[in-house]
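Going by the order they are written in, the chains are A, B, C, D, E and F; count residues from 1 in each one.
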Amino acid sequence: MLSNLFIEDIVRKTLMEDLGRGFDITGNLLIPGDALGRAVLRARQPGVLCGLIPALTAFSLTDPDFSFEVEAQDGDIIQPGDTIAAIEGPARALLTAERTALNFLIHLSGIATLTMAFVDEVEGTGARITCTRKTLPGLRSIQKYAVLTGGGSNHRYGLDDAILIKDNHIALAGSITDVLDRARSGAGHTVKIEIEVDTLPQLEEVLKSGKADIVMLDNFTLDDLKTAVSMAKGRIVTEASGGVNLSTVRGIAETGVDYISAGALTHSAAALDIGLDVEI
Amino acid sequence: MLSNLFIEDIVRKTLMEDLGRGFDITGNLLIPGDALGRAVLRARQPGVLCGLIPALTAFSLTDPDFSFEVEAQDGDIIQPGDTIAAIEGPARALLTAERTALNFLIHLSGIATLTMAFVDEVEGTGARITCTRKTLPGLRSIQKYAVLTGGGSNHRYGLDDAILIKDNHIALAGSITDVLDRARSGAGHTVKIEIEVDTLPQLEEVLKSGKADIVMLDNFTLDDLKTAVSMAKGRIVTEASGGVNLSTVRGIAETGVDYISAGALTHSAAALDIGLDVEI
Amino acid sequence: MLSNLFIEDIVRKTLMEDLGRGFDITGNLLIPGDALGRAVLRARQPGVLCGLIPALTAFSLTDPDFSFEVEAQDGDIIQPGDTIAAIEGPARALLTAERTALNFLIHLSGIATLTMAFVDEVEGTGARITCTRKTLPGLRSIQKYAVLTGGGSNHRYGLDDAILIKDNHIALAGSITDVLDRARSGAGHTVKIEIEVDTLPQLEEVLKSGKADIVMLDNFTLDDLKTAVSMAKGRIVTEASGGVNLSTVRGIAETGVDYISAGALTHSAAALDIGLDVEI
Amino acid sequence: MLSNLFIEDIVRKTLMEDLGRGFDITGNLLIPGDALGRAVLRARQPGVLCGLIPALTAFSLTDPDFSFEVEAQDGDIIQPGDTIAAIEGPARALLTAERTALNFLIHLSGIATLTMAFVDEVEGTGARITCTRKTLPGLRSIQKYAVLTGGGSNHRYGLDDAILIKDNHIALAGSITDVLDRARSGAGHTVKIEIEVDTLPQLEEVLKSGKADIVMLDNFTLDDLKTAVSMAKGRIVTEASGGVNLSTVRGIAETGVDYISAGALTHSAAALDIGLDVEI
Amino acid sequence: MLSNLFIEDIVRKTLMEDLGRGFDITGNLLIPGDALGRAVLRARQPGVLCGLIPALTAFSLTDPDFSFEVEAQDGDIIQPGDTIAAIEGPARALLTAERTALNFLIHLSGIATLTMAFVDEVEGTGARITCTRKTLPGLRSIQKYAVLTGGGSNHRYGLDDAILIKDNHIALAGSITDVLDRARSGAGHTVKIEIEVDTLPQLEEVLKSGKADIVMLDNFTLDDLKTAVSMAKGRIVTEASGGVNLSTVRGIAETGVDYISAGALTHSAAALDIGLDVEI
Amino acid sequence: MLSNLFIEDIVRKTLMEDLGRGFDITGNLLIPGDALGRAVLRARQPGVLCGLIPALTAFSLTDPDFSFEVEAQDGDIIQPGDTIAAIEGPARALLTAERTALNFLIHLSGIATLTMAFVDEVEGTGARITCTRKTLPGLRSIQKYAVLTGGGSNHRYGLDDAILIKDNHIALAGSITDVLDRARSGAGHTVKIEIEVDTLPQLEEVLKSGKADIVMLDNFTLDDLKTAVSMAKGRIVTEASGGVNLSTVRGIAETGVDYISAGALTHSAAALDIGLDVEI
């Protein structure tokens, strides 16, 4: 769902990163310019597919003469051995683009797969899994797309599209009530306001102010989370953060929070093994 | 050891990614323009520090008026609670740059830490741990730097700086002897040639040709690796690849191979937890 | 409040646009390289100052040896003859950067001044004046900053930071209820949802759904606006749009709407006359 | 008449400005990926059409699958209700590109329309209307193209393509005769020299020197303009500047000057109302 | 006389070209990070110095801690052994930037030196030596600057800053008179018109039209050039082109033409030998 | 053999350099938008063709509606009058792109031709001609490609892809043995190590160390070169540098060195005359 303009830009830069001074020395010396090839993208691990468009774009930007038979879509569950897509075209370009294509695919599918593991873990609780700004340099948009693909929800995209008031902001402005007043009167009407709290009395002050849209309950115990949820219900959206992992997330979800945010989705997802089997 | 020109470029782009349309809406509304702040980068997990320069650059590019007291260097082992650096300057810029600084630091330290785990695992065997081209889009140079920082060695940087002949290249050019002939006569004298083999007879052909500098022994059994090493010793550099993880790497190293390459170093390293404690 | 990184980038590009192949042919031939100069930015028309930072940045990027005495700030009301800032430095660079500096200043001050005219017009009604996405190519962030400077409020920054459902979106998805259901379940929790309606029954359906944060009342008559406001009060934020100009805006504001959006602020603001008096 | 390379570059950047992190959140959630749409660009105000190519480029860069039926060309006089072009293609891309397309069209048509108003005003006098460097950041080339489209003539494009000696340059080099000597001997043979004068004696000195191609008569009274024209006739091209608006331009033109330059054409043109009627 | 903005941009890109993935592998391994060094730029061949600013910029962009003692300026005649500048700073950065600095210096000094050879050759004739658009990709501005430095004059900078009508343009528009009519009525008043002619009758037609500023006499014999000059004198600027080299240029100049253009200045200048003697 | 991505990028930038503010003023005024043209790229001097792909890309980027009949390939020997390729398409774009296309072609063919002159000179000796990092700013990759096309071999591409230890590096690290130790233990296994020596005893130390792959024999006499070659034979690759030109290269080659490097190939190659004959 990212714009083609955006995807072509990042894939082009990534191809250039691999090409360095602009050429594939091995392919140039060994692969005849007119040789054709066919290859199959194939899953080697179970998981959620993500990144097919950038992967195919890596081939078509390297040479416009590729054709594709696509057999799976982003968001599909894939099993080892499953064919994702078949790729036909110039053999030299096929080998030149292979690594870039796979690097997008294994990273994004890794994120989508990890996200779905969190989502599955909280099934039935009503809690939504969401990401953070703990993303890798330059990869925020595609990583957040992978979180969506895995069934997660997206938190704000950066410093400019939503207000998130943290403890340090509060420390500089006097009180929760003050910062919320200033944020609400300064924010545009299309901007939501979230505020982080560490204690139940802070939550109480947020609720009393009535000027926040979302409250982030940071590093709360499960008991405090439950209390917080009962205080907040119907008055503000709740988001739990801190200490979220696959072992803890179910317990957190069962407290009734609306959202659970986890930095690990984007900063610590392992790659999903996907390969390209070349049939030259 | 990356050039400042390179680091400033990638950090600037990453800051802009977080700033989006160009501003920190929360900081603008809540932090007085003349407030000063002090913060400390602090380890929260044991590991290998990496990425301090890009992290500090994130602050100084946001505002030139920062000063730093640096207490640890890239490559240092850090323990939970260790102070890495103290940062003083404009409070608004401090909060604006915080996430970008940490995103570099936790990712690169994660890679360096994982690399050192592999390096420690093979201690005393003489084998070197090396990375691959399985890097994340746009991050190859900084990821490879993190591998060095963790005690690893760097494989080629891309398609243009060394020749790596894979099975698919061979399939198109007739025989190992042929491809090596063509590669050697076409390659510049500053370029090394590596060739991937899957079997001992292939290794035999490579050794007979005498035209490769390095042989990649892909997915060999430990027994075959041992045989390969004894065949290759003194004639060619050996690199084992495939199925390399923290459980298997010691066994592989004990076969006597010179290098062991692992994609996981760069595509699957979890972040190392490092935080910024703001003392405003 | 735009980041220095952002401002330096746009000012640098604008200087390069004026320099073309990279030089000021007149200055090079006529102004001695070591001549110094002093100049004063001076208002020639009453209005709201905006754009001082990019204007001064134009000088300092052209030559680092400038010093400034700043006597007015963005947002200040300026009168003909008022000194805005004095600029001292290399005479050649002073003349090279002059036009770029003024082009930022007269355009942004023009927008801020027009915005304040709208804001003054609705004084006491409680209505807020807001901008739109009808901005000039490449200038959205600085134009929206000028709207803020003039006392206005900012609407969404683009296609990605808030949902705005227009009649065409509805036409494709079946009903207001349907599109709001889909938008709410798909949107992240930090994203607000606005929907455009053309009639009171549509507003009724929006209110019944309860899933929109803001309703845009497009081209409503004043009577219908009043009815809409009474229906919406306390349930949803209201925004009037269409046919908004300095003659009509007071009447619209008096209907009680929360926001009034006007494309003219950014697509049709005349420049405010500000000059640079050089005292070489 | 701008190169496609140039137009694609600026339109791509403008689309990315609107897309922000790379996606149209509303379209993604509500418009089916395979829905097709048809829309008509339609005039809502009388004026001169300008910017059709960048407008259509906004659609085709967003998705290559658009087709266009073009019914008017840049430079055509359009009346409210006139169809400019019909656009058919993917509905989601249609709505994504709509605002960018219109932002080019309404701004450039606004400039062309204002230019034609000036041109019409001076009809029959022989005077040509020309623009200045008082353009908006990043928009100089397209704004100057719009001036041409409206029947105006272009002044120099920047600091590097013609010499324009202003009072400040003269103040630093001693005398009109001196600066013209230095400019003529230093300028390439393809470069024209223009000099600004404020008084008739200065004009006399310029004429005596014989080294300028054009003289800018800045803020002259109508009487002085007439005198200047009779002095200059056949010896130098004359350009009147200062205090030029739709009320004054006829009087200025009737003095017989060759060119009249007006910054308002590019810094203060109001948008021309043009809409996109979607027939999905 | 190129803007610092322009020079820093091209030098930065050239350093990055040499750094590739961002590091100097040799310097990193061998030069201590805190070692200081001193080096002297020294002429090894007689010629005209050009490019000192980009050369020094290469060092200061690599590391801000350099200091320079400059002993010669662009345009100075240098002799083998002459010191151009002394450079002191970090030893590692000194060696990293060395090649980039020298590559600018030897190329630009080569062009300036060749230009001066042409200029010297025509001394006393009144003819000016000028360049063409036959420049190397990406280097037009700095190459044209080197021509100026060597005592030459600059022709137009590109397709947009002057009109040059060639035979092919004429072939498509009917007649010299026609194309000149169309060019003159379409061109802005700051734009000069040059037209290429191959024969004396064509020149006659150009003169009769009276609408060209410059005539390019292409591949004329010396006799025809003389005739052309006597026809053109006082009516139009003359420029001889074709077959211009160091052996022919004097004869051409003695025909009395105003300008002689030579592509060789920028497409075939040999480098001037300049070295960096490091005194670490 | 450079990637299309790389070629399109450099050609696009070079076209934009020529277009400046984005248009071809002459073509716009004189060539009808719908006129078609045909032209032939034709050799005017004997040499080696190089740069055909970027040349044709200049046309197709200017307008997609060109077709080409290619009659020669990069590396072919061309004679005056030979047709290289015929080009058909829009006449205006043909003239707009002409100069950019030729600028690539004449420069790269000039380098290829000069390289072949060196290669021919050493025929039968077994020595290979190789280039250096003495390339022109921004042109390294295409210049090195031209060296290959002329039959030469490529030296390292920059500071990051091979180690080249020069006298200055040695001066800072103590001894040849030390620097080679440090380089070998720090270098990745895909990186070759070359070291420059000025004397035979230094060569002796290099050979004894056994850790360099290549030795650069800098400014050796022919006698010393012969001695060096006999010492080095079978133990290390030898490269002669310094004082290499068409008069000296045969003698150097006959000493038996493996490689001879010449900066002149890329910093001092004269353009090869190739023209575009337009048949409109």
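Odds and ends about this structure:
Here, a contact is a pair of C-beta atoms (placed from the backbone, for glycine too) under 8 Å apart; a residue touches a chain by one contact, two chains touch by 3 or more.
Note that this is a predicted model, so its numbers are computed, not measured.
Shared contact partners of chain C and chain E comprise A, B, D, F. Both chain B and chain C are touched by A, D, E, F. Note on C-E: its contact pairs, compared by residue number with those of B-D, B-C or C-F, agree for more than half at B-C.
Of all residue numbers used at the contact between chain C and chain D, over half are used by both chains, marking a mostly same-residue interface. With rounding to the nearest 5, the Cα superposition of chain D on chain F corresponds to a rotation angle of 120 degrees. The chain pair with more C-beta contacts between its two chains, of B-D and B-E, is B-E. If you average the Cα atoms of chain E and of chain F, the two centres end up 22 Å apart.
Chain centres here are Cα means. That of chain A falls 32 Å from that of chain C. Rounded to whole angstrom, the centroid-to-centroid distance between chain A and chain D, based on C-alpha atoms, equals 44 Å. Shared contact sites, meaning residues of chain D that touch two or more other chains, fall at 19-24, 28, 96, 140, 157-158, 160-162, 191.
Taken as a contact graph, with one node per protein chain and an edge wherever two chains touch, the assembly is complete, since every chain touches every other chain. For chain C in complex with chain E, the touching residues are 12, 15-16, 19-24, 28, 61-63, 96. Every residue of chain A that touches chain D in the complex is listed here, in rising order: 1-7, 9, 140-141, 144-145, 157-158, 161. Within the complex formed with chain D, the residues of chain B that make contact are 20-21.
Residues of chain B that touch chain F in their complex: 128, 130, 153-157, 160-162, 164, 188-192, 194, 214, 237, 239, 258-259.
Those residues of chain B whose C-beta lies close enough to touch chain A in the complex are 10-11, 13-14, 17-32, 35, 37, 91, 95-96, 99-100, 102-104, 106-107, 110, 133-140, 142, 157-166, 168-169, 171-173, 179, 182-183, 186-187, 191, 263-264, 267-271, 278, 280.
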